[in-house]
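Same chain, two partners: chain A is paired with chain B first, then with chain C.
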Partner chain A sequence: MMHQFELETARNPEALRRIVIEPVSRVEGHGKVTILLDDDNKVHQVRLHIVEFRGFEKFIEGRPYWEVPVLVQRLCGICPVSHHLAASKAMDMIVGAAQLTPTAEKIRRLMHYGQMLQSHALHFFHLSSPDLLFGFDSDVAQRNIVGVAAANPDVAKKGVLLRKFGQEVIRVTSGKRVHGTGSVPGGVNKPLTPEERDYLLKDADQMVAWSVDAVRIIKQLHRANPGLYDRFGEVESTMMSLVDPSGDLDFYHGALRARDAAGEVMFDQVSYQGYHTLLTEGVKPWSYMKFPYITALGDEKGWYKVGPLARIQNCDRIPTPQAEKERLEFVAHGNGKPMHGSLGFHWARMIEMLCAAETIKTLLLDPDITGADIMTGGPRGYEGIGVIEAPRGTLFHHYRVDDDDLVTYANLIVSTTNNNTAMNVAVRDVARHYLDGRELTEGLLNHIEVAIRCFDPCLSCATHALGKMPLEVELLDAAGILVDRMVKDETGGVRQSLA
Partner chain B sequence: MTAPTLIFGWGNPSRGDDALGPLLLDRIEALLPHHPEWGAVDLLTDFQLQVEHALDLDGRTRVLFVDASARPDQSPFRAGRLEPARDSSFTTHALSPQGVMHVYETMRAVPPPPCWLLAIAGEAFDLGTPLGRAAAANLEAAVDWTAAWLEAGRR
Partner chain C sequence: MSNGQDGKSFFLDDEEIPFEDGQTIIQAALSAGKYIPHLCYHPEFKPHGSCKLCTVRIDSRTITTEDGQTVKIPGRAAASCTTPAQDGQHVESETPELLDLRRTLVQMLLVEGNHYCPSCEKSGKCMLQGLGYDLGVMSPHFPQYFSKREVDASHPDILLDFNRCILCELCVRASAEVDKKNVFSLSGRGNTKHLICNSESGLLGDTNIAATDKAANVCPVGVILHKRHGFEVPYGQRRFDRAPISDNPVQYAPVKEQV
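Up next is the complex of A and B:
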């Protein structure tokens, strides 16, 4: 059933005890979890506050349209390629490039699937594998990348090399390791040379093999403990993603499809050009981040989740053989029902990583990839909408451009915003199961963080300058008096102190 | 060809003082042609440090990591030697330089090259803002320190 969003429904929230977690560790940016307890120390309300920076649009408006695909990479240090390509697709419409040349589209796809590979590799091998390999209550020093490396150097090494390969795909296709300029309105600005193709191709089979290994690891975990892995942080919700005209998984282009929590198709092949009527960006007074929902269903029933778990269960097929085999096993595991447990994101994410690795090899073997026809154009447009499936989910870019070529309007819905309500519900589910009483424990906090991490949220591309306080937890009684406090410092040390 | 000396500056050039790391690289790049005595120096940048950057330590004899620092501090910058450390800085999607060194040590089964950290003090990190006046002054001091560090490296 669809969860009612109880954040808004407590009758007397001022009388509830409050636990604050700020910021959420190992998640980019700043997040804060507020848990309100009732007099019986039961969870009554949960809110995930995300300090989303809403200056994206102002940062872009007034700039020449051709600068935008490069400029928007500065929005996010985690997935700059996603913004680069979504903006490029939108600006294709400005230059009248209704259909890119085969070479240009395939080079863009190669770049995008390279990012999917490297992003998913990082998340699984280095951000989430501590949760998965060591358990949620394990030693804090072990629950991170270096802990994984020490305990399991082979896994950590594969993660590093998968990540490096993905970065190399991006470097070759975009021209630089970072701040690349490869994708431009109307196509790409450099072809792929046969030498570059061969350089990437020599490692492609290894990346596929390691991706198969990764799927096997997460699959084993689910089968060994389905009660935990299938149910933890369960969020029964609508799922939305792009699919291609055949209903196949496609990260780069397609139309929107949504299934309800039971897996029934709600709408299909809806052009994303109409996203602004299909979706409404809801607001709530306690959060800077918006809460998008399907307009026709309203804000209580219309929220949805995006990202790997939605994509894998939304599509009819994955167009690469090994990933499709794994998708079928994933679907069979649910015995005819969609999986909504948050840890299912990891399994789905690894299937997507395998799809990305296979697709990279396929693209590199395609003769078009080294073609020379890389730009096209047509009648000048004044409005462009570009949507792609970024690693964390559906990403919308929408621009208007005036006769002076300057951007007059910009609107972005980033993947993490699409998942805002779903993340809140996941945290509430976990808090209800594992948080009870007035005592803060590290294991308890880890459970909440594990649930958030499943979504791989990118919290507004924050700066990362040295010296940030990583994690602080406060417990306040019903009168607002601080009764307990827990702090994780930069080295992972945890101290608990009364105010 | 891998240069023996690496300076790795990270940060988002469009987020105010977070640009200090990449800007220091620009300044050093401009100085390199005038200082052949410093030898070959690679300058690398990224938005943040990640696991794959451990591979950038291969073949180096000394490495300088450069970042902006948001820590309240009276000094224009802080600098010092680093040792590999188990990284538990829960900053997600971003490793500390000590963590990068530890990944290297784990992967390669040998100690990483000698590494230093130069943390340049910044104040404002908002998207679209320029480098602050205080940060610009701090950058000058940090460039001088880096030049001295490069000079010392040839001895």
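Up next is the complex of A and C:
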């Protein structure tokens, strides 16, 4: 197991060449990677930096609590439903809604599983499939979704339509495909009409079938090249996620469970209401993104990963039959050991997409989904904590509200932040294995980005920043003189220009 | 079209509009089903004439110059909410010049306050937003003023978000004329003008306003809000989701007293 701090800080950085990948492309948001190399191209330091800052937590303060689920979701355009629902769950506690009505909870679940479907489809097909289908160092002009559409039109079409369906589920439940208002403290503002239910239901079976196909694609890639797929960007770490009371996978609600790198349960059914004592948010001077860790284990041993790879290996069962069958195959592939290779995220993510598709169908067939009882409440509270399994992992929202109904405190730990240390370890592992001692090429640098993409990081969420996708890499000698420069523009075109 | 009760009419964008003595141009137009954009006008209150959205041109003329060219001499500009209708006058409202003027006024209002529609619970039923859509406001155009105004949440049932105030004084008039409470006033001059609450502390919670008062239910934008009810109405069912603000002019017309 690679030590988390290995390659984090070089002993003599001033004497090393500095390579910058900025911004990292085909991820949500804006980040950069710096690599320090010596004259023999040996890697001495690798850091994934998150360089933007927006500070949503501050400007939520002073706003009325019922506005927060709608306001806070604006920090992201990819998985706003997660923030919408996590904030709603926290505000349920403010309005005393200890238990939502069956209709309200199922509408929220439908919205959330729709989001899981669309976000996972977007990531796998649009952002990652070019690397996986063509190769990490394939022709950069082809290595994008347009290239996938040209070479594999059926795959691209399924990706687009899966995402569209997920967005339609979100639109029907929240009013809009992006940034709806469906969830309010204490419930939801509308149930489904029978017409809306039937509209979604007519495509539900197709989505399940296409999700099965997607699992098959990534499964075949693993089996065809286990040396690469099982080991690339390996991050042996603790895994944390929510599970339901029986240990089943649940994206909407549950309690925290963590397994160590060997798969042994470290803690289980821990209420997320105590997250702030369970976890500590560490900071480092070179990144705006925090580095959370399990307090009892300290920052050196307490870091963990969240998201699909953690969830699939943390739960005891997936409550939908086809996804559970795939989970069992996934577990069997590891021969009794957890998978920590970062490309395993894709396989786990596609199993989750299948689970989401199956769950959407189940919910649509539930008569509660068109019920009329959508709001509840109870004794007024002053502190609310809402946690949800967002597409990228466990998402924490925590608020305090005063007597006048205004928010006085807000704290968010977003999924990508939980994975901060794990992502850094992954890129260091890749740098050491693929870059060490070799001449710099675009394809080699893309290996770094492939490792980051496995986590599907949402740097906008993590730092509340929006990013651009072009890539610029500069190679400086030990004296800091620019000796080589590569630029990738928005179209994916790469040009090399000596300074 | 038949003439009004008094047999009088004027022309609005070349369409004959009947009116009764004492009616303003906007009252007669709205009663006849012709929309004129407005924000500070309300059929239940005395006209105010401050927002200027309802500005029209009256009695423009066309003349022929000595060299034979036809030239339009613009009529006088007037707020249609304060200008009495007159028999036979020609009023222009839907002209490119006036639509541009209104669009500019809305843009200026949008940048003067902090109007973040995406997270505002009045979105979809806000008259400023509705007019923005109706007039084709596609961008703020002007630099944001970024005013810093506090929220007053001191009242148990009503929240004031001063960031969105457009100084229409509808709440001031409603509280004074209907509720007889004088809860609100405007204070300051020029760009420091702002809405205040008439209590010793300056807080709404120390006034005698009630959620059922007219003043608590008349705000055309998102300043005076009923607490704990935000976002209850889903997309598609909000007031201006169903129809644009200009769709049913008669809803803004004065209600005739039953004889």
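As a convention for this text, the second predicted complex is superposed on the first by the 476 of 499 C-alpha atoms of A that agree within 3 Å, B and C clash if a C-alpha of one lies under 4 Å from a C-alpha of the other, contacts with A are read in each partner's own complex, and residues count from 1 in each chain.
Keep this in mind: a contact is a pair of C-beta atoms (placed from the backbone, for glycine too) under 8 Å apart; a residue touches a chain by one contact, two chains touch by 3 or more.
Bear in mind that the values here come from a model prediction, so they are computed numbers and not experimental data.
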Partner chain in contact with A:Val283 - chain B first, chain C second, else both or neither: neither
Touched partner set for A:Leu365, first chain B, second chain C, both or neither: neither
Partner chain(s) touched by A:Arg74 [first = chain B, second = chain C, both, neither]: both
Touched partner set for A:Ala209, first chain B, second chain C, both or neither: neither
Partner chain(s) touched by A:Ala262 [first = chain B, second = chain C, both, neither]: neither
If touched residues of chain A are counted for chain B and for chain C, the larger one: B
Which of chain B and chain C A:Gly180 touches, first, second, both or neither: second
Touched partner set for A:Ala296, first chain B, second chain C, both or neither: neither
On chain A, the residue positions that both chain B and chain C contact, one per complex: 71, 74, 179
Of all residues in chain A, those that touch chain C in their complex: 62-64, 66-67, 69-71, 74, 95, 174-176, 179-182, 184, 189-190, 404-406
Residues of chain A touching chain B in the complex: 25-28, 53, 55-56, 58-59, 71, 74-75, 77-78, 80, 118, 122, 126-127, 140-141, 143-147, 149-150, 153, 156-157, 159-160, 163-164, 167, 177-179, 458, 461, 463-468, 470-471, 488, 490-493
Chain A-facing residues of chain B, complex: 10-15, 17-18, 44-48, 50-52, 54-55, 67-72, 85-96, 99, 102-103, 106-107, 119, 122, 125-128
Residue numbers on chain C that touch chain A, as the complex places them: 118-119, 121, 150-151, 153-154, 159, 225, 227-237
